[in-house]
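Chain nomenclature is as follows: A, B, C, D, E and F, assigned in order of appearance, with residue numbering initiated at 1 for each chain independently.
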Amino acid sequence: MGKTGLKLIDENGIRIDGRKPDQLRPISMDVGVLKNAQGSALVSYGKTTVLAAVYGPREALPRHMTLPDRAILRVRYHMAPFSTTERKSPAPTRREVELSKVIRESLEASVFTELYPRTTIDIFIEVLQADGGTRTTSLTAASMALADAGIPMKDLIAGVAVGKVNGKLVLDINEAEDSGGEADMPVAMMPNLGKIVLLQLNGTLTRDEFKEAMKMSIKAIKEIYLIQKQTLRDKYAKMTEEEKEE
Amino acid sequence: MSVTPSTYPLVPKIQKDTILSLLEVGKRADGRGLEDIRKVKIIPNYIEKSDGSALVNIGDTVVLVGVKVEPGTPYPDLPDEGILMVNAEFVPLASPLFEPGPPDENAYELARIIDRSFRETKSIDLKELAVQPGQKVLVVWNDIYVLNHSGNLIDASAIATLVALARTKIPNYEMNEEGYLVKKEGYKGTLKLTKKVITATVAKIGKYYVADPTEEEEYVSDARLSVSFTEDGTIAGMQKMGAGSLEEGDIDAMVDLAWKVSQKYFSEISTAIGLPPQE
Amino acid sequence: MGKTGLKLIDENGIRIDGRKPDQLRPISMDVGVLKNAQGSALVSYGKTTVLAAVYGPREALPRHMTLPDRAILRVRYHMAPFSTTERKSPAPTRREVELSKVIRESLEASVFTELYPRTTIDIFIEVLQADGGTRTTSLTAASMALADAGIPMKDLIAGVAVGKVNGKLVLDINEAEDSGGEADMPVAMMPNLGKIVLLQLNGTLTRDEFKEAMKMSIKAIKEIYLIQKQTLRDKYAKMTEEEKEE
Amino acid sequence: MSVTPSTYPLVPKIQKDTILSLLEVGKRADGRGLEDIRKVKIIPNYIEKSDGSALVNIGDTVVLVGVKVEPGTPYPDLPDEGILMVNAEFVPLASPLFEPGPPDENAYELARIIDRSFRETKSIDLKELAVQPGQKVLVVWNDIYVLNHSGNLIDASAIATLVALARTKIPNYEMNEEGYLVKKEGYKGTLKLTKKVITATVAKIGKYYVADPTEEEEYVSDARLSVSFTEDGTIAGMQKMGAGSLEEGDIDAMVDLAWKVSQKYFSEISTAIGLPPQE
Amino acid sequence: MSVTPSTYPLVPKIQKDTILSLLEVGKRADGRGLEDIRKVKIIPNYIEKSDGSALVNIGDTVVLVGVKVEPGTPYPDLPDEGILMVNAEFVPLASPLFEPGPPDENAYELARIIDRSFRETKSIDLKELAVQPGQKVLVVWNDIYVLNHSGNLIDASAIATLVALARTKIPNYEMNEEGYLVKKEGYKGTLKLTKKVITATVAKIGKYYVADPTEEEEYVSDARLSVSFTEDGTIAGMQKMGAGSLEEGDIDAMVDLAWKVSQKYFSEISTAIGLPPQE
Amino acid sequence: MGKTGLKLIDENGIRIDGRKPDQLRPISMDVGVLKNAQGSALVSYGKTTVLAAVYGPREALPRHMTLPDRAILRVRYHMAPFSTTERKSPAPTRREVELSKVIRESLEASVFTELYPRTTIDIFIEVLQADGGTRTTSLTAASMALADAGIPMKDLIAGVAVGKVNGKLVLDINEAEDSGGEADMPVAMMPNLGKIVLLQLNGTLTRDEFKEAMKMSIKAIKEIYLIQKQTLRDKYAKMTEEEKEE
C-alpha cells in the first residue's frame, strides 16, 4: 500500500483507473490551435491537459541580455488556478520555477539555437488541468509547438512519468498514484537519438527498480513519439490540402 | 501607475484609411457588417477538475474560465455572505504583447468590469454560501484565462463567466471539530444564479459604431464602450475605454448597439447550455 | 432604501448632508500649491480632497520606452493611508490601478501630447481625504495642475459622479450615498467641447435613468468648469500683479 | 541594498563656494542666520476623517501626518500593550527625485528615526490601548506623507507627528460575540501623551553648523546630525546622516544647536495647539 | 520563467580542450583523479545561537547550514506532523555571479533537491514534532547559506544539512493559556533522524564522468546527475541538470559513481560527528 | 534595572557575561577567508559574527547609473535566517535597509572612490550570528574586507556600541543588554584621523552620559583598530612568506 494506506492496485494488477501497470492513458494531441503564436500544441495524457505556445525567434530582450552565438530560450511552466485540486494562486511557486528550469534545459538540448544568434525564443506552457505527469506532458507539448513554429530541432522530445505504487512500478502515473505512491520518476528524451534530456526522481527506488523504470519509460516514450509524428504529419497534410483548395 | 502604452503596434495611416473607407460602405475587414458579431463557440464544463468552467471562442479570441468553490472567511461587514472573486490572467501565450508576470492594468480592469456586473446585480445568491455565518463561508473563485487575444476580450470573458457560473456545482463542505471546513464526497447542488448578466462592447471608429471589435479595430478606434445588461435590458455597468472622447449622442447610439449585441450573446448562451429564459 | 437599508433621502427629498438631489457639495480649488512641481492643484468636493501635481514634459524614461511622435503620460491615482474610513495600505490596490488607467485615458484625450515627442509628462494624484467621487475630483484637479504647468490642452476636464440612492438620482454623491446606494456613475468631460472622456457605471440603472443621469452630470460639470476657469483666472491675475510689484 | 545615489542634482562647485562665502559672514542663501529656522506653519486636524492629523510647513517643505487608530493583535512578547506604527511615504508629487513605488531607504530611515524617538521615551501610553490584553489591542497608525520636499523632512515630520498624536482621539471599539473589535459611535477619549519629544537637525557645511537646512544645503553639507529631545533636554535619539564625517567637537556643537532649535519647535507647537507645558 | 543564462563566463574552447586532454589521461586540472573528491572539512555546531548547524568546505566551496526549530501550524492534510522547511540562499558574497535579491531558480532547485531527499525517505520523525496535533506543531527551518561557490553546491549542502539536522536540539516549547507555544529554558532532546540520506553529483564531460565537479567543470560539462542515497544504497532522489543530454548507459555509470562518492561522504560525516552506523 | 526589570549588572559592577562595564568582548578577526571575493573578512565580537566580502571595482551597473567622477558603492547589510534568536525571514527588513544605508554612508567617508570613476564597488555583509553590536562589527569587517581587496582608503574604520543598562554605561553591549537596557549607541570612526563616520542613538541619555559614552567608544575603537592593523600585518607577512616559499 502507498503512503496514504490506499490500495492503488487490485489483486489482478489493475490500477484505480482500470489500466494495467505498463499502460499509458489515452493520449490526444493537436497542433496549431492558437492564432497568435508562431506555433502551438494542445496535449492530453488522460485528464492532464497542457497548452504550449511558441513566440520567436524574436528580438525580445535588450541586446546585452542576448547571446552573440545563439538564441536565448525563455520557458515558463505555469499552472492555471483552476487546474489543480485546490485552487492555485497564479503567482509562480517554487515548484513552477524549478520545473521551468528543468524543462528549459531539456528543450535546449534539442533546439538548434545557434541558428538564431541574438534572438529570443519564448515557450509558454499552461497546464490547464493537472492529473499527474504535468512536466512530461508539458515537454511533449512544447516540443510539438516548436515543430509547429518551424524551429529546427535535432529531434522531437517526448516524456512520460513512471511511478511506484503499492510496491509496483506503473507507467504514466495519475495524481492519485503520485500522491499515494512511493516514487514519481519523470523521464523525457529525444527518442530517435536515444538521448535522455530530463530525468528526475522524487521518492525511493532500489537500483533494480530504477533500471526497470528506465526501460518502461523509454518504451512508452517511443509510443508517444509515434503519436507526435502522426499528428504533425496529419497537420502538414491538411495544410497542404487547404493550400491546394485555395 | 498607468503609462501610455509604447509597445502597441502602430497601425499605419493607410491601413486606418482602408478600414474607414470600408466602414463607409457598411463593411469590415473580415467581411462582417458593422453590427455583426463573429462566430461564437461555447464549450461548457471544459475543465473536468474545476467546479464549473467554459471555453469560449469569439472568432479567434479564446477565453477559458474555471471556477473553484473553496472555504474562506467572510468580510467583516458582510458576515453572512459568501464571496465572489473574479480574477483575470492575460497569460503570455495569448499574444505577442503579453509578458509573463502579475496582471497589468488591462487584466485588472477586465476582471473588475466583470466582477461589478455580477456583484451589483446580485446575480449570485451569496447568502447560500455562508456555511457558518460570521465564521466560514464559501468563496467562488472565477478565474478568467485569456488564451488567444484577437480583440474583444471583455465580451468573451463575460460569456465564459456567465456559462461557467451557471454550470458551477457546490462541493460538499462540512465543518470538522477543529473548526475547519473539510471537503466531502459529491456536491451539495448547483450555484444559484438569480439573474443573468452579460457585457457587450462597441467601438467607435471615425463616425461609425462597430460591434465585437477585432484587435486591429480596437487599435484604430477612438474609444470603446462596454455595457453590461441583465436580460430585461437594465444597464448593469458601463466602462468607457481608450484615450479618445465620445459625445452624448455617441453614447446613446453605442448603448443601443450594445443592447442588440447582448441579446445575441444571451441567445448563443441559451443555445449552448439550454438556460431557461429568465422569468 | 439603499443596499444597506439606510434611509438616505427624507420625505422632503433632502439628503443626509442636507443637500437637494441635484445640488453639488461646496467646491474649493487652488492651484500652484506645491513648490517643486511644474503645476499643482488642490481640489475639494465637500470632504473629498485631492492634491494633484505635474512634472514634465521631462526625459524620465529610457529612450526605447518613449514615443517618437508624442509624449508619454504617466498617471498615478493614489490614496493616502489616512484618507479612507479604515486605514488603507499604501501599496496600490487593483482599484487604484484601474482608476489610474481610466484617468490616464481621460487626460490623454485632452493633452496635446504631440507637442512633446520623446518626453514624459507625470501626473501624480494623491487623495488626501475620500468621501465619494474621488476619481472625478481627481480629474478636475489633474486637469488644473496641467493648466498650472502650462501644458497645452484642447480643453480643461471637469468631472462629477451621479448616484442613485433610495431609487432617486442624486448629484455628486458622498461616501455614505455611494456605499448605501444602488448606482455610482462617474462622468468627466471637456465641457467646452462637449466631449465625454470618462464614463463608468457601477450599479444598475434603467435606460431612462441613465439618460437623466447623463443630463444631470453634464449640467453640473459645466458649473464646475466655471469655478475652474475663475480659479485659474484669479491665479493668473495674482501672478501678474506680483510681477508688477517686483 | 544601499547604493550611492546617482540621480541627485550635482551642486556646482561655484554654488558651493557662494554658500560658503555667505556662511563666512553669517548669512545663508535665503537670508537667514546660521541658527535661524524657516517659518513654521502648523494646521492641526487637517484631515477630518482621520483620528488625528497635522499639516506642517517649514518654509516650502510640506508634511502631512494622518493618524488612524485600529484594532490589531499584540506582539507576543508585549501582550498587554497597544502598538505604535510609524510609516513614511515620499510620494512622487513632492519632488522630481521621488519615484512611485514602495518606500526607499530615506523613507524607512526617516520613519524609524521618528518611531524610535517616541518608542524609547515611552511618549505614548501603550498599555491604555490594550482592549483585551493578550488578544486584541489598538494600533496607532501614524502615516507621514511628504507633500513637498524643500529640505529638513525629518524635523517637519517630527513636528507633524507630535501635533497629530497630541490631537488623536481614540475611537470607541467594543468586542463582539465573535471576538472581533467593532467600532461604535463616538470616541473613548484622547491618546495619552506622557512625554513630548521632538527631533532637530543640524547640517555641517565646511566648518559651519546650520539649523533647519534647505534641500540645497543638504546636498552641499558634509554630514547632518538629527537629535531627538524630550522637553527636559534629555537626548532621546540621534542619527548621523550623509557620506562625510564629523569630529568629536563637531558633535558637541551640533547637539547644542539642535537643542536650541528643539526649543523653538516646542514653542511653535505650543502656540499652535495650546499644549500645556510638561510638568 | 526560466531564461538561458547570459552572464555565465564563457569557457574558451582551448580551455575545454585542455580539460578533455587531461581527462584522457585520467587527470583533472586540480590534480585529482576522475573519481576523487576534494578535501572535505566539516565543523558541526558552527552557529551557537541556532538549534543545529554545520559549516562544510568541499575544496573552496563553503556552505553553512543553520537550523531553527520554531512553532507553527500543521498542514491541514497532515495535522499530526511537524514540518521540515528547506530554504537556500545564494548570497552575493559567494560569487561574482550572484546578485542580491530573492532566490533564483538555481537556489530553489537546490533547496528542493535536498528537501525531497529528506522528505521522501522520512529521514526525520515529523510526528514527534506535533506538540498539539491539529493545532500547533514545530517547524524545522533548515537554511542553506552558500558562502563561496567553487562548484558542487548540492553535495556540500547535502552534507551540511545532514550534519546540522543530526546535531539539532529541540527547544522546550509549552502551550500557554492563550494557545501560543512559548519557549522555555533548555531543550527537550535531539531531533530524531531515522535515516541518513546524502546526495552525490557526477558530471559528464565529453565521454568522461567526474565526481565532485568544480565550477569550471560544471560550465564545460554536458550534463550533471545528482543522486540521493540512503546508507543501504536505496536511491532516494535524482536530478539531471544542464542543457545537454545523457544516454541510458551514461546514467548507469553515473549512478554507480555517485554511490561510490556517497560512501565517501558518509564516511567523512561519521568521522566528523561520530554518527553511529545505521542499523 | 532595565526595561524588562532584569538585573544586568551585579553589586560589584559585573555584567551578566562577567565583563566589567568598560570591557570589550573577546574579538577575533581574519581576512582573505573567501576564495571568490576580491577581499573578505570574518570578525567576531563575542558571539556576534560577521562575514564581509568585497567585489570590485567592477562594471556592474548600466552606464547611466554610474557616476562620471567616482565609483558607486553598493552595500548590503543582511542577517542570516539562523543568526537571530527567532528565525528571520531572508527578505530584507526595514531595519536592514536602514543599516545598509548608514553603513554605506560610513564607508563612503573612507574610500577614495574618485580613483575608480564609472565603476561599482560591492560590499556584501552577512551577519552569521547576532548578539548585539552587529552594525559596528559589520563596519569593522567591511573596512578590513576593503583593505584585503586592496582598495585605497583614508583610514580603516572600526566601530563599537556603548549601551546604558541599569543606569550605567557599558561598553560593547550584547543582545541581552541591548534589549534589556535603556540605550544603545553605535559609534564608528576612522581612528587615526579622529573622524566619526557613524553615530546613532537608540534610547535616552543625558548630555553628560552622552559625552561619557562618546569617550568610552572612542577609547575602545582605538583598541579595536590595533587588532585590525595587526591582523592585516600578519596576513601580509604570511602572504609574503608563502610567496618566498614558492
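Simple rule for what comes next: a contact is a pair of C-beta atoms (placed from the backbone, for glycine too) under 8 Å apart; a residue touches a chain by one contact, two chains touch by 3 or more.
These are the chains along with the protein names UniProt gives them: A, C, F = Exosome complex component Rrp41.
This is a predicted model, so every value here is computed, not measured.
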item: Shortest chain-hopping distance from chain A out to chain F; value: 2
item: Comparison of C-D and A-E (more C-beta pairs in contact); value: A-E
item: Rounded Å distance, chain C centre to chain E centre (Cα mean); value: 57
item: Interchain centroid distance [CA atoms averaged], chain A/chain C, Å; value: 51
item: Inter-chain centre distance, chain D versus chain F - centres from mean C-alpha coordinates, in Å; value: 27
item: Residue numbers of chain B (touch at least two other chains); value: 1, 100
item: Multi-chain contact residues (two or more partners), chain C; value: 76
item: Contact pairs between chains, per stated definition; value: A-B, A-E, B-C, B-D, B-E, C-D, D-E, D-F, E-F
item: Complex interface listing, chain D residues touching chain F; value: 1-4, 6, 105-106, 108-109, 111-112, 116, 120-121, 225, 230, 233-248, 250-252, 255
item: Interfacial residue positions of chain B with respect to chain D in the complex; value: 1, 76, 79, 134-135
item: Contact set on chain A toward chain E in their complex; value: 65-67, 71-76, 92, 94-95, 97-98, 100-105, 108-109, 113, 183, 185, 189-190, 193-207, 210-211, 214, 218
item: Residues of chain D touching chain C in the complex; value: 47-50, 53, 60, 62, 64, 66-68, 70, 87, 89, 91-96, 100, 102-103, 141, 143, 145, 147-150
item: Contacting residues of chain F [partner chain E, same complex]; value: 34-37, 40, 47, 49, 51-53, 55, 58, 76, 78, 80-87, 90-91, 122, 124-126, 128-131
